[in-house]
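Look for subunit A in each of the two complexes below; its partner is subunit B in the first and subunit C in the second.
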Partner chain A sequence: MQGSLRLRLFKEKLFLLSIAVLTIATVLPLFHIMFSIMIQGIPVLIKGGWGFLTGTLAPPGGGLGGIGPAIVGTFILTFLASLIGLPVAIFTGIYAAEYPNSLIGRATKTLLMVMMEFPTILVGLFVMDLVVLPMGSYSAIAGALSLAIVMMPYVAVYTDEALRNIPPKYREGAFSLGLTRAKVVFRVLVGLAKKGIMTGVLIGIAKVAGETAPLLFTAGGASRVYFDGLNRPVGAIPLLIYNLVQQPYTNYHEIAWGASLLLMIIFLALFLPIRLSLKEVKL
Partner chain B sequence: MIVSNYKSDVELNLKSKTKYAIETENLNIYYGDHHVIKDVSLSIPEKVVFAIMGPSGCGKSTMLRAFNRLLELNESAKVSGDVKIFGKSIYKMNPIEVRRIVGMVFQHPNPFPHMSIYDNVALGLKLNKLVKSRKELDETVEWALKKAALWDEVKNKLEKPASALSGGQQQRLCIARVVAMKPKVILMDEPTSNLDPISTKKIEELIDELKKEVTIVIVTHSPAQAARVSDYVAFLYLGKLIEVGSTIDMFENPKEKLTEEYLTGRMG
Partner chain C sequence: MKKALLLVVLLAAVAICGCAQNKAQNKVTPTTTTSTQVVLIGDGATFPWPQITNWINIYMKEHPNVKIEYNGGGSGKGQADFAAGVVDFAGSDPPLKKNLWDRLVNNPPAEGKGPLQFPDIIGAVVVCYNVPGVKQLRLDGKTLADIFMGKIKYWDNEEIKKLNPGVNLPHKEIIVIHRSDASGTTDIFTTYLCLVSPEWNSTIGAGKVVNWPVDKMGRGVGGKGNPGVVAELKNTPYSICYTELSYAIKENLKIVALKNKDGYFVLPNATTIKAAASHVSMYIAPPTAGYKENLRQLLNAPGKDSYPIVAFSHLLVWKHYSDPVKDKAVHAFIKWILTQGQNDKYIVPGYVGLPKSITQKVLQEAGI
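And now, the complex of A and B:
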């Protein structure tokens, strides 16, 4: 009796221990990434100073310069992608939530799920074929369109989920006041689902701010000139990192570390508020 | 048989009032293959409190939702037969028009929690363009809150969110929201089933006050509540109309055995 109890307690402890070890193993890479980016990136930011944020790329083998065009490019691409993607995505989400049993509504939901997991490099190729080849050049608008396509399923799925999670009593209440469907949705339900929809919007923005693959064949990259038109190539931080790391120059590797740290800061600044506000979404 | 007796009975009692607020003719409701309401024909006189009473799951709420075509939000619900509001078939009207005449109060108080107390009452008025000016809107909101016996409790915090009110206050806010639209009929789906006895008493007093101007159809599973608030009562069991008549008659002298069993608590 006593022996078997001791064995059970031992098994229980062993079980808890193995769960703890596996959990640490899962999150360890994340902390390792963050840690090494900080170790390598902070000295670069200190050395480069303010000029690192505003300057243009230094010549190979010659100092740090700055990554200004890439930072501005990332903000412009993200803004344009939001401008194109958010309205379409929010309306799509509303449609999927309002007509869940219609053929198109059901198909929309499934397709959005597929789109979320779709290899983003294929989105880049698609936009290259659609915009870059006819225009004959990489451009900001092609990059933004590519990012918009990547962003849309996240925003649409979150909008759909947020609307579906509204207790039916509010929908009934709104309809019982003699409101049209459009007024029920836009004057009552969207307001109730505001937090959920905002979460989707922020996740979509955070997602595309760090994307590289959709930009490879579309935005083109620019590190020595600032944004100079929608039809001109534009830089982006992830794209710059991708290009610099492949170069054989030490100063370019340093710049890449600095850029990585900045990208991580931008991503966390977008993501942390989302995680904190997610708790409040539950009605 | 009983239904037709009741009709003539009502006609005799209400010589001055020839109109019925709501009439159903052979109303059948199905959810998919499930037959929920079975061939119900009812006539509800104007400006009375009409209770629909029956055990849980007998189809009371479903039938109520047919009266303002809210049932159509549920795609699996199918209706046959007819429902008339003041003699006009609701299926020949736009559902939006029907819902402006026939307001509804729900089982769970459902003021919109993200809007202020004021906006909850003002929403229907504004979006249906029932008022012409800001001043008229303010006056109507105040009037409706007074009608719902809530004004004194909220007049100093109209801009506070509706979710800050207690359950009983929220339910009275929902009544104010409906009353503001000046409907001719108010449907109430077990409006007090989630409230404490004091809040319940307030709502019941309100119902008594409101029936001077509107017809109230109240669904309740409680015979005691039906006895307290209603002038007429219909007893529904498993989707069938078992008995209907004046409340006093039915409680003193139920004609059907099932009704008697329900009223005396031996069933349901």
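And now, the complex of A and C:
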């Protein structure tokens, strides 16, 4: 009796230990990435100073220069993508949540899930065919549209989930007061689900701020021109990193590390507050 | 909360518009004194990217009203983008194929018409080795092909010893490192092996990807991209690989002296690469018929100083652009690249400027 209890306790300990080890192994890459980016990136940012954020690309083997156009581009693209994608996505989410049993409602939900996992490079090719070729130029608009398509399913799914998580009594209460359906949805339910929806919005934004593949065939890239109009190419930090690491020049690799650090800071600045505040969403 | 958000959005929108307007105003003011501001967009080959970037930086300093972007999306993307008219000029390592060229001639995009293709810079494919204790290594084409074919298994093989009298070669297996991805570098290297080894030509052939016999023998290793190949070489003693000259220089790799067509052993450097280019300049296709260029004629050049594996990278532009401002700007930039741009002080280490005989011929035939 005593022996089998000890064995069982031992098995439990062993199990817990192995789970803990596996958990650490799962999150270790994340910390490794963050750590190595900081080790390599911080000296670059210090050395490059303010000019690194505002200047233009240095010649090969010739100092640090700056990644200004890429930063400007990333902000323009993210802003435009949000402008295009968010309204559509939020309404889609609301629709899917309001009509969960209708054919279109169910189809929407399934398709959103598919879209979420869709290879983003194909989105880029699609937008290239749709916008870039007819317009005859890579452009900020094309890049933003591509990012908006990547962003939309995340926002829509989060909106849908947030609305579905509201206990039915609120909806019943609102209806019993004689409110119209539109008023129930937009005044009561959306208000209650605000935090969940905002989470989706910010996750969508953080996701596209770091995307490379949808921009490969759409944004064009820029390292010397800050902004030349919405119908002209713009830069983006991930695109710049992608180009720089393929070169054999140490200064380009340094710039890429600095740009990576900056990208990580932007991503974490968007991502951490949401993830930390997520606890409060529970009703 | 909602109003605050709206306000932020509005402010951001105003700020962007404001920036755009500022830019517009900036553009207008200098018009009175110089010509209008113009932005040129290029895309294509990654191999010349550092060199083109360097040219652009210098050119933009000398011509503040011109802004130029060149993105290294690869030769294939450069060609496709140029044909679709989404870029103003493109870089391509291999010359265009006949069918694409015909499309450009007969069915050009709105951007421009009359395609022009010409070399802008030369590089070299070099053979590097990692054999501890060996500082100098000489090989001829046939031996090189035999090594990459797997016929020569050990570093102290008689064939290698004969070419390297006095060098203490170890009795170790040769590890052959090659590109695992489709690559123009592989295409050039295997084309050269076809020229110097009939056996290679009949059994393996040339291409961006080939079937490496050494892989089946367990002595072949693939690396992704030039960085991958170079990393493998550094980590694998007794290995050999091929890569671009600029990588070999940057990474301080030991380079093989190759026996050229005239029987001299040459290392790749500005002199030997320029010499090779001069000897094959008559095979550079006229800019108005770029598809006629044949890689086989450009490799294994005659001449006692010629390095046998040189690689020309090409630029694609239109003879006539529908936008007259662009027309002038692109042609001025191209002319600058082919004249001042070829000056040694503007050439990035690892690349070699074109000999005068080629630039003059190109400028004359292009008529821009």
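To be clear about the criterion, the second predicted complex is superposed on the first by the 276 of 283 C-alpha atoms of A that agree within 3 Å, B and C clash if a C-alpha of one lies under 4 Å from a C-alpha of the other, contacts with A are read in each partner's own complex, and residues count from 1 in each chain.
Methods note: a contact is a pair of C-beta atoms (placed from the backbone, for glycine too) under 8 Å apart; a residue touches a chain by one contact, two chains touch by 3 or more.
Computed from a predicted model, the values in this text were never measured in an experiment.
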Clash-or-fit label for the pair subunit B, subunit C on subunit A: fit
Touching partner for A:V132 - first (subunit B), second (subunit C), both, neither: second
Partner chain(s) touched by A:G143 [first = subunit B, second = subunit C, both, neither]: neither
Partner chain in contact with A:N101 - subunit B first, subunit C second, else both or neither: first
Angular separation of subunit B and subunit C about subunit A, which is computed from CA centres of the superposed model and rounded to the nearest 10 °: 160
Subunit B versus subunit C as contact partner of A:N243, first or second or both or neither: second
Which superposed partner A:P59 touches (first subunit B, second subunit C, both, neither): second
Contact breadth on subunit A, by residue count: subunit C or subunit B: C
Which superposed partner A:V188 touches (first subunit B, second subunit C, both, neither): first
Subunit B versus subunit C as contact partner of A:A222, first or second or both or neither: second
After fitting on chain A: smallest Cα gap, subunit B-subunit C, Å: 13
Interface residues of subunit A shared between complexes with subunit B and subunit C: none
Contact set on subunit A toward subunit B in their complex: 101, 167, 169-180, 183, 187-188, 191-192, 194
Touching residues (chain side subunit C, partner subunit A) in the complex: 9, 12, 16, 19-20, 23, 39, 41, 43, 46, 49-51, 53-54, 56-58, 60, 67-69, 71-73, 84-87, 109-111, 225-227, 246-247, 250-251, 348-350
Residues on subunit A engaged by subunit C in the complex (per definition of touch): 57-61, 76, 79, 83, 132-133, 136-138, 216, 220-229, 232-233, 239, 243, 246-250, 252
Of all residues in subunit B, those that touch subunit A in their complex: 68, 70, 73, 75, 96-100, 103-104, 106, 108, 110-115, 123-124, 127-128, 174, 177-178, 181
